[in-house]
Every structure is written in structure tokens, then in C-alpha cells.
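After this come two complexes, each holding chain A, first together with chain B and then together with chain C.
What follows is the complex of A and B.
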């Protein structure tokens, strides 16, 4: 615990130091880099210690806050999230340090200190053992993230996106307030220590099933807005593209995950849920997963596409959570363990590969100054490191073998199958639905990243002159580390899987015996071995082919030349046309529209064609609601006349009413 | 017996202020009401504590504030409250109704100390309500100030319930608040007059969407 507290103290100290040394830009950025590295490494050490020793540590500060208390605890679940957060913050921070070097005009010191402050409150958030402290940290993270999103605040679209994010996050927090008050009230009802907001005390009291259901729905609403469950995700696709790339990486990798942490914490505290909660989670997972990847297919901007993929991955995580909860409710320990472990590992994996993808997208944008996929192309030759690292991230996010996404998705799949073989009708129906959804997600994700990678890195440039592009080698180092983690988990999953199993056993309150652990891990290792053999064979065959090709004559031509004598880069397959057949199948769900006509005849005239996807929940759910609220609010303006006398009358009428109501 | 008489007189003076449309006599009536008010502590509990409060109240509410208000109406040269928001007759009827409610409420209130007088709480309520009515129904800034002061008189009566329990310092502090409040309002009245050429709050409606 000491390491963790030192890390917090160090980071807080650095925040103040950076604010006060604003004039000395060189020194400040040095402080930022040092404090970030030291702080997050200390946090990582403390987390690993807890995960390895399987102990949990508590820290009770002597200072009393007005309503809550400063009570931190590191159990396996918290430690796992501390680990995830620190790793990604460290890498994105180093990247951001180099990324923002040319933004001389901006107030970088403020950005750096807010970045560290955000890390501090995230660490407090995932270790808080008191509901009030939790909420304070939750709000502070929201505010810090807001200031990081609006880094380029001279543009109107950025300010608008930040505003949307702020509103969405606060709406969610409202539900959280009610939820924690209900939980506290329950403690009072069952005769516990009156009005305790401590998680430990909440843990000891039993919750009745209907109350647990109500709390669960509030948790879904409150945490779901931040996390981006499908109908409530509207802020994500707006906020991610406008933020600087390293901020998008932590936004997508960490900040939306704290909602998942919150859900897990609630599940840990309440334990007994009605069955429909698990079904609800499964359905949310399916909708978010499939919906997220479908919308991603329809995007033309790289960071917006990645933002929708975050929703898709949240869907996969939620599927894992749902099946874990199902197992927990039905006392099926294996399913519970596998489901939660899959969800947790995917949390970490998504943080790593989505971080990697956003950072490489940032590298592309920095080099070319655009994120529009239909303007890019052929970058692999000029940005080789970025391109190959993007490929690693893409393969991982698609859940292909040898990379980390495969391991976590395999755990979720296994939980689903394990539950299906209980041979109960409910389990078979829902699990097979979830399996179908999961495989659909996997397939569509591959299509989507084939499109993204193909359009950006392969072929020829569509608009820009690629020759002058240069790769900034300083960016690359953090990305290489992230890519390495992807490969490490994919090839040697044992360490991380045993970590997440410990966290999962804390959540599901299942005793983790070595037999269960080896039953889960040993197939993974065997499978990895088989796959490694397969890959080895493919590599050998590829080498053989290359050697044999050397003997025959080969002719080099332009990419996508298609046998024309004078091909231009405009003849290439575009990203939109690549996605079009799939989008056409789902056009009713997506509101997919194509404007313009295809050219016809032997001598076609000039034609323009463009395809768009309509965001259904934004257009058809939230817009009408907000318009309705605005309409009602404008009706309420009648009472605001401007006469002081009338306002006084309102006051006296209200006071009298209160008095009479109190007495009668 | 004397206390009840004084309280009833205070209420009557309040009603007279409400029904009056000449600013000068309103201020005079207010001064008279304050004089009666300031001797109530002596009637409830004669002693040094009550004596000090009486003297300070007389100085502030009977001498200083009426002087300030007279200076203000001379300065902005206005005599009449011509167009009230609610007519005089209607205000008086409303006042009667609200006083009935005040008496009803006070009969149900659960008070810690009932020994002083059964009329004290209802009359305090009534004075507060009269002050409020003045605030709500009149436009002129001076009338607003008077309404505010009348309301404060009602609160003063309420505070008499706790006469021996509150330290002297607190009460002096409250009186100081009123003093500053009245001073600020006097300045505001002057400024409204300079800005708009009349001291009517009807001009102050710009602060809305």
C-alpha cells in the first residue's frame, strides 16, 4: 500500500509544481515526464504486488472529510484496474509529451498537470472504499477528461463535443447519486451502522431482490453513459475524434472502463441479483457489440471509426460480465470465473490495443494532417513502423490468434459454451444468441479493419504527396511497448490470465482452487502451442515460396493497377466502396443512405456518389427528447416576468404553502 | 395586559401603513410602530438586557432610519405612491385574509416557551405578512424599503420569544445588519432615481431572458 500512496503523493505534488512553474516550459515538461514515469511505475509495482500475493490492503486516512472519509483499499479487482490504468497512462503520456511538442502556443503546462490530476483521481476512483469518495473521484475524472478533450478549443466542433460529453457524464452521475443513496438506505433499514457510505458495511448487509434489481438498473444507466452502452453512447463518436490522439487513447482505453469497474464493484457488493439482470447485460452486450461494429463500418474518419470500435469492445466486455453474472446467480462457479475473467482481460487488452491504434492513428494524422480515410493511402511504405504497429493493433482487436484479443474473447466464448452445456432451455437460448452475436462481431470487425488498414496503408495515395512524409521516431517507442504487450499476452497468456482469475474470484466470491485455475489455463497454453506450430509452418511455406519465386521472372507494377496501362490512384477501391455491400445488408438498422447515381452507359458523364450512416439513437431517441425538454422549458418562461414584486410573491406563496403543509 | 395592548397597536399601525398612499405619513407611521416595538422588551422582561436593546432600537429605527427615508424622499422629490400593483382596497382585504391564516398557523405551532403572551407569535406573523404585502404590491423603491423594514419589525417580535436566551452581541449584530441594509437601499433608491428619472422599480425588469 505504501508504494501506492507514494505514487499518489508524488503525482499530486507534481500537479502543483507544474501549475506553479508555468513560466519555465522546459522544466515543466521535464517534471511531467519524470513524475508520470515514477508515479505510474510505483502504482504498477503496488498493483502487481497485490495480484501476486493475493492479499488486500487498506488505508484509512486520519483526515475526516465533511461527509465521507478517505478510505482506500487495494483488493485484486482494484489492483487489476490500477495496473491497466497506469500502463496506458504511462505510454500515452510519453507519446503525448512528444506529440504536443509543436503546439507551442497552447498552455501545455495546464494540459500536463490536468493529465496527472486525471491519473490521480482515476487511481483514487478504483481504490475508493467509500461511496462519497468514489463519487468525488468520479466527478473529478469527468472534469479532467473534459479539459483534456477540449485541448484544441479554438475550434467550434471541439467545444461542442466537449459540452456534449460533459452533459452526458453528468446525467449519468445523477443516477449514481440515487443508486448510492439507495444502497446506504438499505444499510439503515437492515439495522446496520446508521447511514454508512462505506463499501465494507454495504457488503455485510443483505439486499432484497427487487431492490437489487432497481440498483442494478440505476447502475446500468449511470455507469453506462460513461461506458458507452449502445443507446447511450452518443458522446463517444463526437468526443474521441476531436481530442488529441493520446487523450483519445486514454479516453477509450481507461476512462470508459471505469464504468465497467463500477458495475463490477456493485456486483461484488450486492451479490444476489434477479435472473433478468444477467439477461439484460447479455442483451446490452449484443446490441453494443454488433451496433458498434456496424456503425464503425460506415465511418470515413479514422478516429471516429476507432471510437465506434470502443463501443463494440465494450459490448464484448459486457457479454463477459453478463455470462459471469449468470453463472454467479446460478451458482455455477466455473462459468462465473470464466465470464468475469474474460471481461476483465478484455478490459486490459482493449486498453492496450485501442491505445496502440489511437496512437498510430495520431501518428498518421500528425504526418498527413488528415484523418479522412478516402484521402489517405499507401502509407505503409513511408510510415513503416506506424503501419506495422497499426496492423498489430488491428489484428489484436479482431481477436485473431497469437494476439491478446484472441485470449480474452476465447475466455468469453468458453464461458458461454460452458453455460450452454448446462442444458437448461434459458441458458441454451441466450448463450447461443450471445455466441452468434460474438462471432458476428468478430467477422465484422475483421471486415472493418481490413477496410481501415487497406485504405490508409495499402494502395497508393489518393490525394496527398506521400514522398515528403516522415515518421517521428520518438512517437514510436511507446507504441512498440504497447504492441509488445499485445504479442506477449497472445503468446504467453499464463501470467495475465492468472491475474484476471484472481480478480474474477474476488468479484464472484468463488474460491480459486489450483485445479480450476489449471483447467482454465492449460487449454490456452496447448492452443497457443498448436497455433505457434501453425504459424511456423506458414512462415516456412512463405519462405519457400519466396525462394522459389526468385527463379521465375516477376514484374512490378503499381498497386491496384488492375492491368490498365495508365492507372491513376483514383481508380482504387475506396473505403466506402469496400464497406458498402455489408452496409447494404444492414441498411434498415443503420439508416444507410447512398446519395447520387452510379455512372452508366459507355461514355458516362460526371457523377458524384456518397454514402452516409445515420446515427439512430442520436437522431431518433435523444434529439426528440431534448427538443421536448426545450419546448417545455420555454413554456415555463411565462412565470419569469422580471418584476421583483412578482418574484417576492412566489417566495411568500411557497413559504406559506410549506408552513401550512408542515402543520396540517 | 400592557403587552397585549402594545402588540395590537403595532398590528393596527401595520395595517395603516399598508392602506396609506402618502410616503411621508407612511414613514411617520413606521417610526411610531418602531417606537412601540422598542418598548416591548421592557414589558416582557424588565432589566438591563432589555433596556439596552430598547435604547439601540429607538436610536436606529425611530431616529436614524426615518430621517434617512425622509431625506431620500426629499432628495428624489416624490410624495405619493400613485399606481400600486394591487389596489389599496384589495391589499387590505388580502391583508385580513392572510392575518387570519397567520393566527391559524400560530395556534398550531409548537413553541418552546408559552409564558410570554398568546398574542406575540400571531402578531409577529401578521407584521411579517404585512411587510411582505407591501413589498409585493407597491412599485416605488421607497415603499419597498418601508416594506422591508416592517417585515424586519415582525422578525424582531419573533426574536423576543428568545429574549433571555440570545446573547446581547447577537442582537446588536442583527440590528447592525438592518442598519447597513437600510443604508444600502437608500443609496440604491437614489441611483434608481438618477438612472431612470423616477424611483419606481417598474423600470427594473431587464434581468430576464
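What follows is the complex of A and C.
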């Protein structure tokens, strides 16, 4: 615990130091870099200590808080999230330090100190053992994230996106307030006194099934808005593209995951849920997963595409949670462990590869000043580091073998399949649906990232002159570390899987026996052997090819244009045309439309054609609701006429009403 | 272990092109021709390996590596499937998920390899490949769900081996439906008629073949060899599902397996001779048809109970 507290203290101290040394820009950025590295490394050490030793630590502070107490605890679940958060914050922070160097006019000190403040409150959030502390940290994270999103606040679209995020996050928090109050109300202290806000006390009291269901729905609504469950995800695709890239990375990698942490914490506290809660989670997972990747296919802007992919990955994580909860409810310990472990590992994996992808996207945008995929092309030759790291991220996010995404998806798949062996009809139905959804997600993700990587990095440039582009080598270093983690987990998953199994055993309250652990890990080791064989085969084939090429001639030529002799780079297949066949199949769900006319006649005039997807939940669910609210609110204007006397009358009338209500 | 792996790979490397020879011969006989010799695919591959390479100036290393990855993934995924008397040399709990995803890896690489040329024709083929394979993957997943439920196993060689024999008397219709839907997946994945016509002359109508327009020499040899072996791997899985022979002696098993594979090649040849290629926008309907077949199988299991 000491390391963790030192880390917190260090970061808090640095926040104040940076605010007070605002004049000295050089010193401030130095403080930022040092404090971030020291703070996150300390937090990582403390988390690894807890995960290795399997002991949980508690800390009660002497300082009095308005309500409740300052009570932190590091169990395996918290430690795992502390680990994830610190790793990504460290890497994004270093990247951001170099990324923002040319923003001289901005107040970077404020940004740096808010960045560290956000890290502090995230760490408090995932270790808080008291509901009030949890909510305070939750709100502070929301506010810090808001200030980081609106970094480029002179643009109107940025301010609008930030505002949308703030409203969405607060709407969710409203549900959380009700949820925690309900939980507190149910908790009875030993003396028969009123409830407690401490998670420990809540853990000891039993919850009736209907109440557990109600709390669960509130948790889904409250945490789901921030996490981006499918119908409630509208802020994500607006906020991610406008933020600076390192902020998008932590938004997508960490901040949306704290909702998952919240759900896991609630599952841990309440333990017994009705069966439909697991089904609800599975359905949310399927909708978010498939919907997220389909919308991503329809995007033309790289960061917006990545934002939708976050929703898809949240879907995969939720599928893991759902099947874990199913196993926990039906006392199927293996399924519970596998499901939660898959979900948790995907939380970490997604943080790593999505961080990597956003950082590479940032590097592309920095070099080319655009994120429109149909304007780019052929960047792999001119931005080699960025391109190859983006490729690693893309292969990982598709869940393909050799990289980390596959390991977590394998765990989720295995949980779903093992759950069918009980031969209950509902288990077979829901698990089959989830498996089909997961494999559809996999196939669509491959299409989507082939499109993104192909359009940006392969072929020829469509609009820009690539030759002038230069890669900034300074912010490549953190990306290399993230890419390395992807490969490390993909080939040697043992360490991370044993970590997540410990966290999963805490959540599901299943005792992690060595037999179970080896039943989960030993197939992964054989798989590592197969993957090593795959790499070996590729290397051998490559060597054979190299040797044989010495004996035959190799020529360079233009790409074959199927007989057309004057091809231009604008004739290449664009990202929009690549995605069109899939979008056409799903056009009814997505509202996919192609606008424009085909050229006609012998001497065709210039025509334009463009493809769009309609954000259904924004257009058809939230817009009508908010327009309705606005309409009703405008009706209330009648009582607002601007006379102070009248307003005083209202107050008196209201007080009278209260008095009457009290008497009667 | 090492010897087993080498034996497994050798069997496939030697026999895979023969199936294409048989398909070609069947088609020729149906058309009333004598056709190319049975060993023509071998000659083709040897010819490609001897030729020099031409690379487009647009391409990067991805274009050169993609065929190797394609070949390597097929070689490795073949290790998970038994070939008659030859047991699968590598297996672990949940290996069929690796089988599905490793084919995803090869697909990803050949798609980006095609996009690497910057040719609009190859981009078109890549886009179609991505679309249809992603639909075929769902059907494959559903087939595996049924096999997993019937065999209570998550090991690929066990799912299509041992216990499937005991399921035949009870769940014959289910296995037939699975076999049929898997057959359609096989046609999609190995780019045969009625989904794709590898011998068509017009690039605009191709799916799989158009992605390799710019490949030459070694790369083309790798790609065509890999396509043949992909047919062999998928076909051997099909034969394993449909022909329950797992309690015979090893030699008999091998004989039955060999006959089954030749039969499969002849069936594919007959299908190709009798049916025209589908219009592109009809292909999703065919795949959905395959999905429905498998779904009916799952419903039978649900109603009947296991």
C-alpha cells in the first residue's frame, strides 16, 4: 500500500507544483514528465505486488470527509485496473509531452496538471472502498476528462463535443446516485442503525433478488453511458476525434473502462443476481459489438472509426462479463472464471492496442494534418514506424493470433462454449447467439482494419504529396512499448492470464485452485507452441524465397492496370468503396445511403458520389427525447415574465404548499 | 512429435494439388474433352517456382510477405486436423478457435497484400473477399457450435473424430445438415463455382483470383499452392464430419479418407460443371441459406435434447 500512497502523494504534489510554476514553461514540462513517470511506476509496482502476492491491502485515512471516510483498498480487481490505468497513462503522457511541443500558444501547464489530476482521481476511483469517495472521484474524472477533451477549444465543434460528453456523463451519474442510495438503504449496520456507504458493509448484507435486479439496471444505465453501451454511446464518436490524440487514447483505453470496473465492483458486492441480468449483459454485448464495428466500417475519418471500435471492444468485454455472470449465477465456476478473465484481459488488451492505434493516428494527423482516409494513402513508405506500429495495433484489435487480442477473445469464446455443455436450452440459445455475434465481430473487424490500414498506409497517396512528410521520431518510443506489450501477451500469455484469473476469482468469489488455473493456462501454452511454429514456418519460407530469388531475375514495374495504360492514384479503391458491399448488406440497420448521380451519356459531366451511415440512436432516440424536453421547457416560459415580485410570490406559494403538506 | 508434424505436412504438400487435378479432369470429362493431365497442377506450381518475380513500384514488403503468411497459416492449421489414419499432431482444448482465427490472419494479410498494389481491381477483390468470408465465418462458427454440443469436446480432432460415430444413429439428420452447410462454406472459402470462378477471363467478376493479379513467380506459386492446400484442409474436415470411420484400423481409415477426398473432388467438379456462377449480389443469399441449414440442425438438437 505504501507504494500506492507515495504515488498518489507524488502526483498530487506535482499537480500543485505545476500550477504554481506556470511561468516557467521548461521547468513545468520537466516536472510533468518526471512526476508522471515516478507516479505511474510506483503505482504499477504496488499493483504487481498485490497481483503476485495475492494479498489485499487497506488504508483508512485519518482525515475527515464530509460524508463517509477516506477509505482505499487494493484487492486483485483494483490492482489490475491500477495496473492498466498506470501503463496507458504513462505511455500516453510521454507521447503527449512530445506531441504538444509545438502548441506554444496553449496553456500547457494547465493541461499537464489536469492530466496528472485525472490520473490521481482514476487511481482513487478504482481503489475507493466507500461509495461517496467513489462518486467524488467519478465526478472529478468526468470533469478532468472534459477539460482534456476541449484542448483545442477555439473550434466550435470541439466545444460542442465536450458539452455533449459532459451532459452524457452527468446523466449517467444521476443513476449512480440513486443506485448507491438504494444500496446504502439496504445495508444495515450491526447495531441496527442506518446504512453505511462502505463497500465492506454492503458486502456483508444480503440483497433480495428484485432489489439486486433494480440496482443492476441502474448500474447498467449509470456506468453504461460513460462506457458506451450501444444505444447510449452517442458522446463517444463526437468526443474522441476532437481531443488531442494522447487524450483520445486514454479516453478510449481507460476512461470508458471505469464503467466496466464499476459494474464488476457492483457484481462483487451484491453477488446474487436474477438470471435475466446475465442475459441483459449478453445482449448489450452483442448489440454494442456488432453495431460498433458496423458503424466503424461506415466512417471515413480515422479517429471516428477508432472511436466506434471502442464501442465494439466494449461489446466483447460485456459479452465476457455476461457469460461470467451467467456462470456465477448457475454455480459453474469454470465458466465464471473464464468469462471474467476474458473480459478483464480484454480491458487491458484494448487499453494497449487502442492506445497504440490512437497514438499512431495522432502521428499520421500530425504529419499530414488530416484524418480523412480517402485523402491519404501510401504512408507506409514515408512514416515507416507509425505504419508498422499501426499494423501491429490493427492485427491485435482484429483478435488475430500472434497478438494479444486473440488471447482474450479465446477466453471469452471458451467460456461461451463451455457454458453450452450443461445442455440447458436457454444456455445453448444465448451462448450460440453470442458466439455467432463474436465471430461476426471478428470478421467485420478484419474488414474494417484492412480498410483503414490499406487506405492510409498502402497504395499511392490520393491527394497529398507524401514526399514532404516527416515522421517525428520522439513520440515513437511509447508506441513501440505498447506494440511490444501486444506481441508479448500474444506469444507468452501466461503471466497476464494468471493475473486476470486472480482478479476474476476475487470478482466471482471462486477459489482459484491450481487445477483450474492449469486447465485454463495449459492450452494457452500449447497454443504458444503452435504460434511459434507459425512464425518458424514464415521465416523458413522467407529464407527459401530469398535463396531462390538469387537464381531468378527480379524486375520492377508499374502495377498492372488490366490493360489501361494511364492509371492515376485517384483510381485506387477508396475506403468507402471497400466497405460498401458489407454496408449494403446491413443497410437497413445502419441507414446506409449513397448520395449522388452516376455519370451518364457519351460525354459525362463531373459527378460526385458519397456514402453515409446514419447514427440511428442519435437521430431517432436521443434527438426526439431532447427535442421533447426542450419543447416542454419552452412551455414553462409562461411563468417566467421577469418581475421580481412575481418570483417572490412563487416562493411564498411554494413555502405555503410545503407547510400545508407538512401539516396534513 | 516432430516426425509426426513433418509426415502430416508432407502428406498434404504431396497430395493437395492432385485434388485440383481431379477436379479439372472431372470438369473436362463433363465438357466432353479429354482435358489436361491429372498432374497438371504440379507442373504449374513447379513452373511458377522457376519463374522470376516482377514487383510493382507501389508495393512494400507486405506484398511480398502476404503469400508466405498465407502458405504458412494453411500449413500450420493443417496440423490440427486428422488425415485418415494420421492423427492430428497438435491439439489442445479450444484449438478450433485458433483454426478459425488463423484463417482470419491469412485473410487479413492477403487482403492488405492486395491493397498494397494500389490497383482498383485488386482493391475490389479484397473488398469482396472481406465481405463474403466474414459471412462464411458465421456459418463456420455455427457448424462448430453443433459439433461441440454433439461431441462435448473443444478439440477439433475430437469434435470430428471419435464421438461423432456414436452421434450418427441419433443425430444423422443434424450431421447431414451440418455437412451440407459446411460444404457451402467450403465452396466460399476455397473460391469455387457457384461463388467464384477461378477460370473466368474478366477481372471485374472475380473475387479471390483478382487479388493475385500482380503476383508472379515465387509469390504466385505460394498463393496457388496455398489455395490448393486450403481446399485440402477444408475438404479433409468435411470428409471427417461426414464419413464416420474412426473405429477402423489405421490403414483402412486412410483408405476411406483417401476415397472420401477423391469423392469430394469429383463432387466439386460435378457441381462446377452443372451450375453457373452466381451473380455477386446473390452470394450473401447462398451463405444465409447455409446458415439456415445449420440453424435447423441446432433447432433439432434443442428440441430433441442431448
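Annotations
Methods note: the second predicted complex is superposed on the first by the 633 of 664 C-alpha atoms of A that agree within 3 Å, B and C clash if a C-alpha of one lies under 4 Å from a C-alpha of the other, contacts with A are read in each partner's own complex, and residues count from 1 in each chain.
Methods note: a residue touches a chain if its C-beta (ideal position, glycine included) is under 8 Å from a C-beta of that chain, and two chains touch if they have at least 3 such contacts.
None of these values were measured; they are calculated from a predicted model.
Legend: residue contacts after superposition of the two complexes on their common chain; A:640 is shown touching chain B, with no touch to chain C. In the overlay built on the shared chain, the residue A:605 is in contact with neither chain B nor chain C.
Of the two partner chains placed around the shared chain by superposition, neither chain B nor chain C is touched by A:26.
Judged by the touch definition given at the top, the superposed model places A:569 against chain C, while chain B stays out of reach. Once chain A of one complex is fitted onto chain A of the other, the partner contacts of A:378 are limited to chain C, with no touch recorded for chain B. With both complexes placed on chain A, chain A has more residues touched by C than by the other of chain B and chain C. In the superposition on chain A, no contact is made by A:467 with either chain B or chain C. Residue ranges on chain B touching chain A, taken from their complex, read 85, 101, 105, 108-109, 129, 132, 135-139, 144, 201-202, 204-209.
Residues of chain C touching chain A in their complex: 5, 49-60, 62, 64-65, 68-69, 71-73, 75-76, 79, 90-95, 97-98, 100-102, 104-105, 107-108, 111-112, 115-124, 126-128, 130-131, 133-135, 137-138, 140-142, 145, 148-149, 152, 154, 203, 213-214, 217-218, 222, 284, 298, 301-302, 305-306. Here chain A touches chain C in the complex through residues 377-378, 380-381, 391, 395, 398-402, 406, 409-410, 413-414, 417-418, 420-421, 423, 425, 428-429, 432, 435-436, 438-440, 442-444, 446-447, 449-451, 453-455, 458-460, 519, 522-523, 526-527, 529-530, 533-534, 537-538, 541-542, 545, 548-549, 552-562, 567, 569, 571-573, 577-582, 585, going by the rule given at the top.
On chain A, the positions that touch chain B within their shared complex are 637, 640-646, 648-649, 652, 656, 659-660, 663-664.
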